[in-house]
Every structure is written in structure tokens, then in C-alpha cells.
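In order of appearance the chains are A, B, C and D, and numbering begins at 1 in each one.
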Amino acid sequence: MSVATKTDKIQRLAELTATKETSTGASLWREAFRRLKSSKMAIIGAVIIAVFVVIAIVGPYLTPYAPTAQTWRGEVFPNQGKFVGPRGENWFGLDHLGRDMFSRMLVGARQTLLVGVVSTLIGLVAGFLIGGLSGAAATLGGEAGKRVDSVIMRFIDMMLALPSLLLAVSVAAVMGQSLTTVMIAVGVVQVPVFARLLRGSMLAQGGADYVLAAQSLGVRKRRIVTSQIIPNSLSPVIVQATLSLATAIIEAAALSYLGLGNPDPAIPEWGVMLAQAQRFFDNAPMMAVYPAVGIIITALGFTLLGEAMREALDPKLRG
Amino acid sequence: MSLLTVDELTVTFGGRGRKASRAVDGVSFEVDQGQVVGLVGESGCGKSVTSLALMGLLPAKGLTIGGRAEFDGTDLFTMSPSARRDLRGSEMAMIFQDPLSSLNPVVPIGVQVTEILERHRGMKGEAARKEAAHLLDRVGIPDPTRRLKEYPHQLSGGMRQRALIAMAVACAPRLLIADEPTTALDVTIQAQILELLKELVDQEGTALLMITHDLGVVAGLCDQVNVLYAGKVVESAGRRELFAHPTHPYAHGLLGSIPRLDAPRGEPLNPIRGSINDRIAWADGCAFAPRCDRYEMGCLSGTPQLGEPRAAGHQVRCVNPVLDDAKAEEVPA
Amino acid sequence: MRIFKTRAARAITAAVAVGLIATGCASERDSDNESGGKKDTFVFAGAGDPGSLDPALASDGETFRVTRQAFEALLEHESGGTKLVGGLAETWSSNDAGTVWTFNLRKGVKFHDGEEFNAAAVCANYDHWFNWKGTYQSSAVSYYWQTIMGGFAKNEDPETPEANYKSCTAKDEHTAVIEVKQPSANLPGGFSLNALAIHSPKAIKEYEKQEATAKGDAITYPKYSQEAGTVAGTGPYKIVKWNKGNKEVTLERFDDYWGEKAKIKNLVFRTIDTEEGRRQALQAGDIDGYDLVAPADVKTLENEGYVVPTRGVFNLFYVGMSQTANPALKKKEVRQAIAQAIDKENLVKTQLPEGGKVADQFMPDTIQGYSKNVTQYPHDPAKSKQLLKKAGAQNLTIEFCYPTEVTRPYMPAPQDLFELMKADLEEAGIKVKPKAMKWAPDYLDATEAGSCALHMLGWTGDFNDGYNFIGTWFAGFDKQWGFKDKRVFDAVNAGSKMGKAEERTAAYQKANEVIMDYLPGVPISSSPPAIAFGKNVNPPKVSPLTQEVFAEASFK
Amino acid sequence: MLRLVVRRLLQLIPTLLGLSVLLFLWLDRLPGGPASAILGEKATEAEVARINRALGLDQPVYVQYWRFLKRIAELDLGTSTQTGQPVWDEFVLRFPATVELSLLAILIAVAVGVPLGYFAARNRGGWLDVTAVSGSLVGICIPVFFLALILKGIFAVQLGIFPSYGRQDTGINATDVTGFAVLDGILTGEFDASWDAIMHLILPAVALASIPLAVIVRMTRASVLEVQDEDYVRTAEAKGLKRSVVRSRHVLRNAMLPVVTAVGLLTGSLLSGAVLTESVFSFGGIGSFIRTAIDGRDYPVLVGFIMFIAMVYVLINLLVDLAYSLIDPRVRVH
């Protein structure tokens, strides 16, 4: 057959084959991110968080009044159940000491975020170290490593056994009552969760072929852990961190309810505000509702995003 | 008239969001009483989907089935779901590829066998257990009464497959569909299982639809063979005829790619180029064209039709079929 | 079964079936707590569990609230008042020195365990206390005995005060004579304390068989004081059951009571820790009354038709200053600056229950010894600033302790009070370092130890004698205040050794003037604590001393 | 099976030992050490010395620790500084209440959560699914104590359907046999008492159940989704089994495995929650007792409780493992 026909039939074939999509091997993360963008949960969650963070950052500069100033204290009579609800100058009304609720909510957002983030960081870092250590030991430490690992895990189990509140109380008992105490207490509670998680996924990764390959190639163990196992084990930890932010905020509220919260009640923090407002629930329910709703929505935001991330990263939950 | 008549069966997945993909594209074939029919092709050619479609086991979401499939004169696809349930397991049964994952890990074998007896043969308690034991015994599982109490993970791979078969034949179905029943097993076991299937078919006169990519299995078992490529039957013929004269370049290639003892030493194998992924849409021409050595311009002018270029009853879907067997050997590598 | 039935009726339909069975089975047991549909169980909620069933071992209101219904002392206060009247003693008298007290006892009084009440019984009690040993001598256990009668026959701890009690003699069947070494302002008032109520001698013998043990960490109260059965008094109710798991003490009418019998058959005290919990329980009809009502709730409850009487004013709320904790407080200007910075009026107006009064001395005006002409320190931030300047303490930073998770009759919502005062002080240019502490033991310990520069505390009188107030603080050097000032101490103690009440009154007035001139701390207010009852309750007369007698209560 | 039990019980030992060390150190770390934790700051040197002697704090640390251990081993958890009663007795007295409460809570969580999660998974994306998922998400985010207060406000105060506090009505003078109010009622035939106890349990239990419920719904849903397209489910379908059989025997039974483990792990959070709920309903269980202990800095109680909880927690998880090995034959062998 002629050369011409030959070439143009290859030509023709080429374009026909070209039309069908070739499966691109996108990385786990890009994949996950793509899925995230398409998930309603993720979007709602992200929006909530964004709003919350913005408020937390700029809020304090937008407060119409000083959140601690008892400007209208003459107008509120807790002893007669007389409170001041929303009105022109005070959009959310006044609290039981004649302070502007709206301003307090704004500033409270920052405090709440602070507690949430710091305590989660504490839990994350500590948990990361412990979990990483025993994970590394278990995967590459041989027999001795396994023993080390099991000891650490016993310890972690032990921590899991303790109700979070009691941990908090114990910390408070030793360190005295303060915002730091609250953060540490709430953080400590998260430690075992992170530790177990990281270790778990490290063990999973440790068995993976590429690690065995690396080992057989004689890559140094430390390098394997740092450059391969840990990076690949991170995703669940990150998810958990997001979820923990929610729990941290709620735990902090619970501590305030038990009177272990921030010792200076003048500084507005949603948990403390909620705990204080309980007493006036009959006369001024809104005083409790504002911070409660604040806490719930914020926690929800983090939970939504976290769950969405989890689904995105875990094929099983998807489909 | 034949037991199962599949006519222009098409199966399309997707829909919501993702672009629809057609897994089976107008497949037609027949299965007669006691006949063993093979569906052959590489993985992804649509053979398993066909079988699941016939059994009605495809996930309903985003699924569209076209064409007809008559079982004993009644159309399976227009049948009521409950009627279909009654049919399944009693009239038509299926054997799956991976015996371990196909057995419920937390339920004893015994229960998994008796439950079908209870469902279709109304057997209860002791009677059912006896029958179950008998069935296991029949498919060659030693010491069946003990096995009844055991769980899948306690059985060997072969045993599991036998158990699955026992469940399939529990109600003496008229049609048995076997989807790659031997791929998960090692060779010695494979033979035994095939042997078992064969004798079941012979004894019961059960019709068997054999889904496989393994031409050896086909050669050993099937009366009639349908070769699938990219969702279409590309060649259909009797076993002997097909092995003697593979006419579609694909079938030809498949046979050619099997190592042969009788071939002179040092002669290279001649595998088919590329994978099932590089193909073109049937609408544009022959999907096999990109991998085909005999491909020419004509292959790209619309879907090639089934014809009988070589012999009556030997259908081939090709513009440029392999007609002279001599050529079959010296395909340029 | 009332509560049950009504609930079952209202309960979710799914439950009804079970409900019917239940009522069926209930029927034969209905009789013992319901008679002809009329309620005969009165449920009253307190804020904490009682510590023991033997008032002699107690020093807290929650315990006395319960024991007061079952035990009676030689003297009592007139119902709803602060005037001393005869209790188990019909009349009493003392020698001029006030060291020999003679009691003519009531006749025909029976103890719950059937024993006869007589002079011997009285002395059995006093000698029992006087001869306490071991852990019983710990001030935590025998606080009131030690305040009223000093130490014991044999003091085991050098810290324990010298015994003031001398003897008790049964002059005849119905005359008991109690002698003390020194006259004391705590007498005769002390004889009315429920902690010194008279127990059946039979019970006392039982008590003496049992030891209170202290295993380093804490005191283990003797078994008899922890379960009903042994303890036996003469009161209108007898204690029949203490269900700790369910946080409830059950009392039953004592039918051989010498006086007017209790109107309601069963009296139950339960514990509901939180203010809102108690209020809600009342609103839900689960209880018939509760104490420590949040001021905010008084109006609400009244509007809803509940009976919320307020007690007479008999307490004092003050801001204490510890000169050891912060030397700056040694300067009077500083103390005065603080005093004038605090806006007492506002506190009373917005925080304290209605009827609350601004206090200008360490004694409510209902007590004999209240002085009309003490130095006044009105609210005046500007003045405070000057004073601070004068003292050279312009940028004074001071630690202010406040208790959490607690309300006291004189101090509702401590945290709010604290926040308001903090704002006041800061307005006067004083920086405040807040320190939150759990009420017990942290806060109480810290304040007693004088480690809190500023702190808030208060006192509810045990009986109507000025010394019961000022004596508790300023009788001598006290870590809580951390100052030594002879003028103050002498003025305060002057009254205490006088036998005659009216002499004392004068002395106390003088003392108050001296104290307020020195200004060791800032008296803030006296407030009438409210107590709430169900709509269908005729409440007992409420007592300024919070000594309600529930035998008076009845259902409409 | 037995070997498993023994092994787990042995594992209990190091856990408790480690815990005891921690607690010992903690008690030691307390501001001013145990002595002033007991006496308070007002303690004079003499008193501290006396207490220290009484507690044997003048001896070397290891001796002290050894005693500490011995005491715990003898279940002598010290004496509550508040009630003046042995801590152990206090627990024994109050434990039943909390057990009842927790059991009911878990019961609710499972009884509601499993079906909900199951059906949510079956019609995935349907309205039920959406409500169940979003509901469970919100459920996690409401502070337990706030939920409890709301429930109480509505169902106890406004509607008066349930009692607002406590464990039993005062009207009921139920006979106390085991301390489990509900059980006692049944034993003694005082069904009204049982009924009354149940009515008291419901609100707190619901509040307490909120978080476990949420978790279980999501777990069940996830694992049903996973199991649904397992091969063996297809096999079951291929057998033409009735839907009910396929679902119960082949889908649910496998889907339950992870849920069972979850239930075990939830107990820890449950006890935390009990502290809050019980104090909202002033329910006479361990929870509210601990709350008062927290308020009163009752260290012996807190320490004892922590040990106690650790034990309970490990034991519960042992039970869970046993249950697990019953429903999953694969575990039994290895």
C-alpha cells in the first residue's frame, strides 16, 4: 500500500485514540482536595470556620463598647430578674452586669479560638512525639522497639481511661486555676488520641511495600521514618486535629461550667459566658443562647470540615 | 428453543455527574439445555458485567440495561424483582471468582448452605443440615458434617470454592453461571474444580455459562465460545472450529499468544500489543484497530458487522479477518 | 404514689402499659405515704448533704437544718424571732456573775427511743461532750462546743482552748445546774445552739462505744452519726432514714412529742446542688420548698404564685483585708480608699435580695449593740484617688480572692459581687488581681490563713448577741486580718466578760465605733435571705437565724 | 477464650501500676504536698509535721509509694474529706446509680443509633440519611451540660413529664436490695419503684447518650456502606435469599463489628459526661459525687476515683473484646 495512505491512516487512528481520556494518576492529596471542593459538608464547614476566624481576628477592633465596661450596670437588676434585651445601642442586649453582650461575643470569639487552637496544638505536639516515637520503634525498632512501643501504648491506654474532666481537675489542682490550665488540661486530653492515631497509621505504612523496598535498598532507618513513613501517615492526624478543635472548644465550655474555667470572669470567653448565664436562664434565656449557639456553630464548623476531610481521604466512606 | 437467549444486551453505567460508560454493547448469544457456553476475553471486556446483568446483581444506581434476555421464554429484565429473587439460586445460580471474599466470614458454612435450602426447597432444621452435608460431600469436601460448623477462614481455597459450588447447585439450577471460578486457585486445584463442574453438568444436564479469560478452560469445557472485546462479541463459534480457525485478529492473537509446546524452540511468543485501554469507540470503527496488525482504513468506517466469512455458524466481526491459517503463525513481531 | 400516678398519666403513651402495672402494684403501698389523697410528705431541698446526724459534731447549716427538726436544746429562739425562750428548760436563771446557770426542765418530755427526759439526761450530754477524746477534740468536729465552752476535761492538742465548762449537776429530777469558770458573752445564747441539743442518754451510751477516727487525710465520723437508728432527740420529728445514694434524709412525725405535734407526717430533706436545679424542682412540683433562693428568682417565683417569704436581716457581708498579705493595707488611707471606692448602694440595689441593707459596721442593725454613730465612708472614687496619693500608693495593685461554686445567705452570686467591686476599685485607680478559689477548703483556708489581701466573707448570727459577730473577728490577733491593735481588741472584749446583757450592749456599741474608726475591713451589706415554698404550702415562720421549725408547716 | 481473659487481666496490672505512679507523683506535686492539701494553707509547721508523720511522709519515697500501693491493693482508697467516710464505701454506695445511668444511655445510643445509621446507609443521600448525618454532627457539638439543661427545662419543668432531679421520688419508699433501683423494684415486686426509677433515668440518660448516639450512627452508617458491596453480600443476593435475611445475617452482622469496639471506647467519655449530667439532674451517682469532690478539692476521692475508673474502663474493654470474639470467629483462633 502507498506511503501516503499508511501515514494518514496512522494519523486518523491517532486522533481517534486521542479523543478518549487517559486516566491520570493524581496524588492522594490532589485527589482528596478535588473531592473536598465538591463536598457540601466541607464547604459549609470551611465557610463557618472562615467567618469565625475573621470575627476572632478583627472582632475585638469592631466592638462598639469595651467588653468589660459595666456601662449600663444601673439598668440591670439581677436581684429582681430585670434584664435588658436587644435594643438599638446594644444589639444583643446587656449581660447581668450591664455589659454589652454583642461586644462580649465578638471578643469572646477570639478567646474561644485561642483556647481551641492552643489546647489542640498542645495535644497534637505531645501526641505526635509520643505516637511518632512508638510508631517508629514498632515499625523499625525490631524486637526491642516492639517492647518500647507496647510500654508506651499501655501508658496511652491508661490516659484514655481517664475521664477528660478529671485530667483537667488534676492539672488545675497542681497548677492553680488559670486560662493556661484550661488549655493544658484540654490539650492533655487530646494527647492519647493523636498518639494512637499517628502510631496506627505509621504501623500501616510500615508494612507498606515501598518501606520494605527502601529498607532492602539500605536506606537509613531514621530517613525512612522522617522522609517516608511520617509524611504518609499525616493525613489522618490532620483530620483529627480539625475535629479536635471542635471537642476542645466544647471541653473548655464544660470546664467553665464546672467552675474550672478562666478565673477572671470579666474577660469574655463563650464557655464562661454560657456557664454564668445558666443562672438567669428563666429571666434572660438569650444571655445563655448567644454563647451556646456560638459554641455549637463553631464546633459544628470544625466537625463538618474534619468529617469531610476524613471522607475525602478515606475511600471506604466515599462512593 | 434455547434456555437462555441474550439479544442485543447493553449495560451502561454512570449518569449522575460522571459521563456514562458502556460496559456491554449489544451482546447476543444463546445457551441451550445442558450446553456449556464460554464468554472469553481480557478483563474489562464486559464479560463479568454481562453475567451480573443476567443475574440482576448489578448495583441499581445509575444503571441502564438495554436489549432482552429471555430465560426459558420469560424476559428477565421485565420480570418483577420478587419473581427474580425466586429465580435466583433455584433456577439460575452463580459461582464467583474469589471464594474467600464471596463467603460471609462470620457465618458458619453450614448456615450459608442451609439458608438457600430453606429459601427455595422449604427444608428445615435437621433435614436441611443433612442435605447440606450431602451437598458438601457431593462437591468433594471430606468430613462434611464437621465442616458445616466451620467458618470460611478455616477452609482451604479449594474447599471454599467447592463450598460455593455446593451452594450454587443446591437447588439443581437449570442455568449455572461461573465467573472465573478458577482464577483465584492454584493450578492443581483449578483442574479439580473444572472436573467437578464438568461432572455436575453431565449428571444434571445443567446449562453452564463459563466466564473466563483462560482459553485453556474454554478448550477443556465449552461447546460454544463467544469472544468479547470492548463490550461486543467479536467472534462466536463452536470450540473446535474456533481453536482450529481463529478468524478475528483478536481471537487469533489470543491463541497465538499462548506458549505452545509443539512450537519450534527459540521462536518468540507473539503477544497482542498494548492493552484494552487503548481502543476507539465502536461507533468510529473497530475498537481493536489500534492494537491490530491487520488494521487498515476500512476498519475505521463505522462499526463492523458480524459476518460469516469462513463457515456457517462461525460469526466474526471484522473487516479484514484472518482467513488463511498459514499467516497466523508469521505475524510480524 | 401521687407523683407517680400523675406522671404516668402524662407520660408518653408507650410507657402507659407499664404504668398501669405499676399503679396496680403500687396500690397496697399507697396507704403509708398518702391518706385520702391528702399529701402527707413534705419535701424540702437544701444545697448540700448533711455531714452527720449528730448536731454536736456539726457546724454547718445544711446539717442543722435537718437535726433541728429532731433535736432540741435547753433554750430555743422564739419561732420566727431572735428572742431567747425556753426550750427543754421552761425557765432559766443565772447568778450575777453569769457563771452558774440553773435550768428548770420541762416535764413529761420523751426521747424518740422512749427514754425519759430529765436533769440526769442533760448532764449526761454535757459531760459526754466535756469528756470527748481523740479526734472528737479536733476543732473540725467539736467547733461549737469549743466556741461556747472552750476545751475539754483533758486537752490533747496545745492549740485547743482552755476549758470554760466546769460541771453539770442534777439538783433534782427536773433541775439541772451548769457551771462555767468565766462569764461569757456566748451564754446563755450558746445553750440554744442545736450543736448543744440534748440526746437520749441511752443513745449517748451508744455514741461513747464508737470512736471517730482520723486517718491522717480526713476524719471518719462515727457510724452512729451516719445512719438513722441510734440518734434520738426530743424533737417533733424523728430521723428514720438517711439514703445517701439518693441524697435524702427522711424524718417521721414523733407522736409522743411534748409540744404541738407536727402537722405533716413525713418530712424529707433532699440535696439539689445548684440554684437553678432547686428552682426547677420546685416549679416542676418535685419538691415543696427550698432554701438559698437566688435573688433573681424571688420575683419570678412570686409572680408564678409560689410562697417566697424573706427572713429578717441577721447576717453581715464584708470585704476582708489582710495586712500580712499586702503591707500597703497597713496604711489607713489605703483601707479607707478601698472602702470609699466600693459602691455599696449599687451592690445592694442590683445584687442582693430586696430588703437588703447597706452595712456601715460589722453588725446588722437588728442586733443589740448596733451603734448609730459610727464613722461613715460613703462611695467617692475621687476621694479614694486623693487618699491613695496621700498614702503614696497611686498605682496600687492588690490581689482580690473570691469563691466559686458557692452561694451564701449573705453573699448570693459571689462572682458577680466580685466583678462589680473590681470595676469599682479600678475606677478608683486600683489594679485588681483576681484569684478564684473553690469555696471549701481552698478559699476558706486561704482567707483564714490571711493569704488573700482582699476577700469577701460574711457571717450569719447564731444568737442575738453582738459578740457573736464582732467577737468572731476582732477579739484578738487573727491571721485573716493580720493586724494588732490593742484599742480594738480591748473594746471588743470589754463586753464579753460582762454578765448583764444591757451592759454588754453599751460596750458593743462603743466597740463598733472603735472598729469602724480603725476600719480593718469594709462591711458591705446585710441581706434577708429568701426561702421558697410550693403554692399549696402554709410555710413555717421563717427565722432570721435560718432556724425554721418545719413542724409548723402544713399543706393548704 | 480463657487465655484472652487472663492475658487482658494481666495487662491490667502494668496499666494500674503506671497509673498509681502518676497519681502518687501527682499527690506529691500538689501545692505544699499532701499535708497542706489536707490541712489547707493555714497549717502550722507543727501540724504539717504531725500529718507528715501520720502519712509517713518523713520516710524515703519508695517506702511511701509502697504503702500507697498496699493501701490501694487493699481497696483502701482513704477517707473522703467531705463526707468523712471511706472512699471505697462511697463508690460502692453510688456506683449502681451511675451504672444504671450509663447502661441506659448506651442502650439508647445503640437502640436508636444502629437502626438509624443502618437505614441512613441504605438510602444514602436520601432525606433520612441527610437528617441522620447532620443530626449526629450537631449532636456531637452541643455541650452535654447545656443539652441536659434544655431537656430538663422542657420535659421536666414545662411539660412535667419527667422528674427534674434525683433518682427516686420521695413518695416511693422502695426497699433497697442491690442498690440498683430499677432491679430492686423488680426483685421486690415493687414495680412502681422500678418504674419511678426509670422515669428518673430517662432525661439524664438521653442527655448522656447524645454523644455516643452520634458516634454510633455515623459508625454504623459508614460500616454498612462498606459491607453492602462486599462480595459475600452479592453471593447472598445470588442465592435469591429474602431481603430480610440478606440484611440481618449478611450485612448487619458484619457491619456491627466495628460498632461493638466503638461502644467499648465510648465508656470513657460516658463517665466524663456523667459528671456533668448527674450534677445537672443532681442524680445521686458517682458523677455528682465527683462534682462535689471537685468543688471541695476532695483529693482522696479524686485519686480513688481515677484508679477506680481505670479499672472499670479496662474491664469494660475486656468485656467488649470477649463480645467481639463471640461475633467474629476470626478473632477466636488467633
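One rule holds for everything that comes next: contacts are C-beta pairs under 8 Å (C-beta built on N, C-alpha and C of every residue); 3 or more make two chains touch, one makes a residue touch a chain.
Everything numeric here is computed off the predicted structure, so don't read it as measured data.
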Quick note, more Cb pairs in contact for C-D or B-D? It is C-D
Taking each chain's centre as the mean of its CA atoms, the one lying farthest from the centre of subunit D is chain B
Per the C-alpha centroid definition, the whole-Å distance linking subunit C and subunit D comes out as 37
So, in whole Å, the Cα centroid of subunit B is separated from that of subunit C by 91
So, in whole Å, the Cα centroid of subunit B is separated from that of subunit D by 54
Per the C-alpha means, the centres of subunit A and subunit B lie apart by a whole-Å value of 51
In subunit B, the residues touching two or more other chains are none
Check: subunit C positions touching at least 2 other chains come out as 276, 405, 438
Where subunit D touches two or more other chains at once, the residues are 149, 153, 229, 291, 294-295, 297, 299
Within the complex, subunit A is touched by subunit C residues 275-276, 279, 294-300, 346, 349-354, 356, 404-405, 412-413, 415-416, 418-420, 422-423, 434-438
As the complex stands, subunit A meets subunit C at residues 68-70, 73-74, 76-81, 96-97, 177, 259, 263-266, 276, 278-283
Subunit D contacts subunit A in the complex at 11, 14-15, 18-19, 22, 26, 29-31, 124, 137-138, 140-146, 149, 153, 218, 222, 225-226, 229, 265, 268-269, 271-272, 275-276, 290-291, 294-295, 297, 299, 302, 305-306, 309-310, 313-314
Subunit D residues touching subunit C in their complex are 34, 38-42, 44, 51, 54-55, 78-81, 83-86, 93-94, 96-97, 149, 152-153, 156-157, 159-173, 176, 179, 189-192, 194-196, 199, 279-282, 284, 288, 291-292, 294-297, 299-300
Residue set of subunit C touching subunit D in the complex reads 1-4, 7-8, 10-12, 15, 18-19, 21-26, 29, 32-34, 41, 43, 48-49, 51-52, 159, 215-221, 226, 241, 243-248, 250, 266, 268, 270-274, 276-277, 280-281, 283-286, 405, 438-442, 444-446, 448-449, 451, 479
